[in-house]
Amino acid sequence: MSAPFRTEEFLVNMGPHHPSTHGVCRFLLTMDGEVVVKAVPYIGYLHRALERICENRTYHQCLPVLDRFEYCTSMSCEYAFCLATEKLAGIQAPERAEYLRVIMLELNRIASHLIWYGTTSLDLGAVTPFLYGFREREDILDLFEMTCGQRLTYNYIRIGGVSRDIPPEFIPKLKEFIEKFPRKVDDYEKLLTENPIWIVRNKNVGILSKELALGYGVSGPALRASGVKFDLRRDDPYSLYDRFEFDIPTGTVGDCYDRYLVRMEEMRQSLRIVKQALEQLPAGDIKTKLPPNFKPPKGEVYSRIENSRGEMGIYIQSAGDSKKPLRVKMRGGSYNQLQVMPEIVKGGKIADLVAVMASMDIIMPEVDR
Amino acid sequence: MEIAGIFKYLYEKLASTGLSQAWVDIISYSVAALIVFGFLAVVALFLVWWERKISAHIQQRFGPMRTGWHGWLQTIVDMLKLIQKEDITPATADRPVFYWAPIVAFVAAFMAYVTIPFGAGLIVSDLNIGILYIIAITTFTIISLLMAGWGSNNKYALLGGMRSAAQVVSYEVPMVLAILSVVLFAGSLSMVQIVESQAKIYQWYIFRLPFGPIAFIIYLIAGTAESNRTPFDLPEAEQELVAGFNVEYSGMKFAMFFFAEFVNMFTIAAIGTTLFLGGWQGPWLPSWVWFMLKTLALVFVLMWFRWTFPRLRVDQLMEFSWKFLLPVSFANLIIAGWMKYSKWFNW
Amino acid sequence: MDKAALTKYILDKFAGKVDLLDTGKVEPVFRLESDFLLEFCRAINSDETLHIDFLCNIAGVDTGERFEVVYSVASVKNRIRFDFKIAMAYENAEVESVQSVWPGANWHEREVWELYGINILNHGNLTRFLLPDNWDQGYPMRKNWDAPDFVRMPES
Amino acid sequence: MGVIKKLPVYLEHFPGGGIVATSLDYVLSQSQASSIWYLLFGTACCAIELMATGASRYDFDRFGMIFRASPRQADLIIAAGTITKKMAPRLRLLYDQMAQPRYVIAMGGCTVKGGPFYYDSYAVEKGIDHIVPVDVYIPGCPPRPESLLEGCLTLQKKIKKQKIGDWS
């Protein structure tokens, strides 16, 4: 249909301070009325030079910095770095430490997905689920707090083990949580999954095809929602993940609704892993003794783990004669997911952009570092 | 009743002083208007506080607790603060339009109350075209939103203004059709007569099967859209348009928009009560208590919506109105008309 | 495909053009010349046995003697992972863009250009995005980079 | 609002006006302190704690604090998270867009003095007091919600001591 009157495209600057850009991302939108013709992301508003800082720290000192790389799942960042360093230096953490790591990683994944659940529903206008999500997250944070004393940036997983053993009251509290949490996930689903408004807002919005996802390096739940059954926990097992039984939920279409369902199911699966890990938890040491002057041999490694936002990779190059790494490069899942966004929001409404951004679960520190 | 008595007393006293009829009218109606205005200001203050408490308790929080008992002073405190805030007019704004927009919103919101019966005899003026007047006046609000959107010279505000215009225009139609089915049965546009036609509880229009409940639901949905509340709060969609049409407003002007929104919500509930829930009618209690109870119950439903549902997208909103609500309300109107004239259901 | 078989397969397939580095203890790390990069990427992407369809990461490295650009690639289908790198001197460092193989390389390459000053040929969109728009202090990830307000951590 | 600012000056001329002016001061400053609307401004880790503070367990709303997305309607910026050199001009812009009286809380080590990014970082602004005037500093990385609440209460105390003529 040819327009009988002249219309004009206009530019809207969305961000860096905008309620729904999850931090400080900026989009320059070319809009035709409500329709997004073109979206160009601008990043770097949270570029804190973490990589440069890590080059000037010893391996142990890197860990607190890594916590700030992806603060929603700090445990994963620490673990990715420790895994890389351990691979480099050929260290094996004690079995109990590995189990504790798995428990912490999976709890942290649940906590991160709860943040995603909250912010996503908030971005689509439902305020109450946000508070429900944060309510259960506080329970998980209580568990972390009694273990390592921090709520967000834990510095718990160390090279060759974990910093301290769990306190005696941890296990009963965790069991209580395992008992309670599935019902809460049902509650969350009851609020949104069947809600007709939620369905029309998410179904067939922001479709990410399999080819596009792989080409752009999209990973994690976003990739699985597009129908690729790929999970590093199963396909490139690290830690003890080959000992646990869990399903990998996948989607079919790759729209926002699929990504929502995949993440909801992942929470349940993570809880399953925690449960198994708790049952198998052995007694023993929690830390390998490292030499005081820890210098990994010359070499390089790119190790990747499955984070709640996709593949988190740490590349470390060690010169061999230094306490400090020569180069630490961090790769977060959000980086590639933000990169693919202009492709899939094109032609949608401005509200779809918000929905896609929320369902991709992009957080900016992972992009900017 | 009592208040109506006082008003009548005042009117007679003024008439007996020998003033001309015009002056008596002007003075007595100004007093009545001031009373309504004061009442609505209190209602709006209360509703803001109530909404915060309700949302808090739905979300397992407490809400305001520190100012007075359970924070009942909170809205007053907010008002006092907003009065003290700097009044910013952006340099690029269209100044007169920007300046008048909140005032128009404020006035339009309050003008509807001329013909709303708060109780038996408690009405400022029983116009014989009452409901028509209200429909005309409430639509006036969108002009203020458009003015705010345009005058701010801000793209988000403009988008918000355009959205609200489109939304109100498309939801006005099913709403009027729903109201029309009631008017058809009552045989009058006057609010008082509509209320009086529902004397018994089974005569309430919400209970008149089959058209009554459908008309009520359509009215409630359209009313939610009309007062710009979730799931239809697109004009001020926080996550998309930052704050929509009022993004550039600060201080008192913002407070006026805020108040107008809550007064509008009360209007929607009050009309719903009058048309469908038997207005002030009810046993034992004074009539105005019944009216307030029913209206506040409807307000509670509106608030419940807001804190439960996600938000629709703008095109889905239009589709819902034109492709679903409009045909349904039209069919409903035809059913109502057939029922009225077939004499089958002659209550 | 395990590590040894993978190494052998690649070394056989690209004999003479690809070397195995001994620094890669965990995953094999290959080294190749920059003019062979694009051809190599296309080959591993279309090769049936490898089917490298996933670019994990591109990291620029300043070793203090030279620049390196490290590509970490993986195959989602065949569960293969390895790295390969290109080393070059400081002067006129440049490398071909691999966007035609993996479009996701775009931002990774931009970052290498922005922080290290390694020129990316045929990139198409080499603009600043991590650093402030008015940045004029050079390439901050280089080892010898310094600036007036850059405070180094004191040695303890 | 100019009238209110000049009000105490006029009141002083009447007998007993001082009492009225003082109680007016009290009411107005109390009301300002009890209704601080904060801007939804978070950049990094602290933003998550800011969100957690707004959520059920800690509940900002108890103190009458609600968030506004538009700087025009906000009274307070809680600068939650690292402010980089690229972000600094935007923070200043947001601050300038706010209506008087306005307040700033520097939440977390990064905004206080650069935090863990003080050394070796080329991109982080070392303390936001270079950019905007700060009323309350809250150290921590990130500060716990309790300390954020404490910071807000400290700000309330500060506001309550103000007189009408103090802010301009």
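The first chain written gets the first letter, and so on, giving A, B, C and D; residue counts start at 1 in each chain.
Everything below uses one rule, namely that a contact is a pair of C-beta atoms (placed from the backbone, for glycine too) under 8 Å apart; a residue touches a chain by one contact, two chains touch by 3 or more.
Computed from a prediction, not measured in an experiment: that's the story for all the values here.
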Item to complete: State the pair with the higher C-beta contact count; candidates are C-D and B-D.
Response: B-D
Worksheet item: If you average the CA atoms of subunit C and of subunit D, how many Å lie between those two points?
Response: 45
Worksheet item: Counting in whole Å, what is the centre-to-centre distance of subunit B and subunit D, each centre being its mean C-alpha position?
Response: 35
Worksheet, complete the sentence: In whole angstrom, the CA-centroid distance of subunit B from subunit C equals 63
Discussion item. Averaging over Cα atoms per chain, report the distance between subunit A and subunit D in Å.
Written reply: 31
Worksheet, complete the sentence: Within subunit D, the set of residues that touch 2 or more other chains is 55-56, 69, 84, 86, 119-120, 122-123
Worksheet entry | Residues within subunit C bordering two or more other chains | 130-132, 140, 152-153
Item to complete: Mark out which residues of subunit B touch at least two other chains, giving numbers and ranges.
Response: 59-61, 238, 242
Response to the item:
Listed by label, touching pairs are A-B, A-C, A-D, B-D, C-D
Worksheet item: Of all residues in subunit D, which touch subunit A in the complex?
Response: 40-45, 47-49, 51-52, 55-57, 69, 81-82, 84, 86-87, 90, 94, 116-117, 119-124, 141-142, 144
Worksheet item: Within the complex, which stretch of subunit C touches subunit A?
Response: 23-27, 29, 53-57, 59-64, 70, 72, 74, 76, 79, 81, 83, 102-104, 106-108, 128-132, 140-141, 152-153
Item to complete: Quick one: which bits of subunit D touch subunit B in the complex? Just the residue numbers, please.
Response: 1, 4, 27-28, 30-32, 34-35, 55-56, 59, 61-64, 66, 68-70, 72-73, 75, 97, 99-101, 164
Worksheet item: Contact residues on subunit A for subunit B in the complex?
Response: 10, 12, 18-20, 34, 121-128, 131-132, 135, 191-192, 195, 197-198, 200-201, 349-352, 354
Practice prompt. Provide the residue numbers of subunit B that touch subunit A in the complex, in ascending order.
Written response: 55, 58-61, 155-156, 159, 163, 230-231, 233, 237-242, 307-316
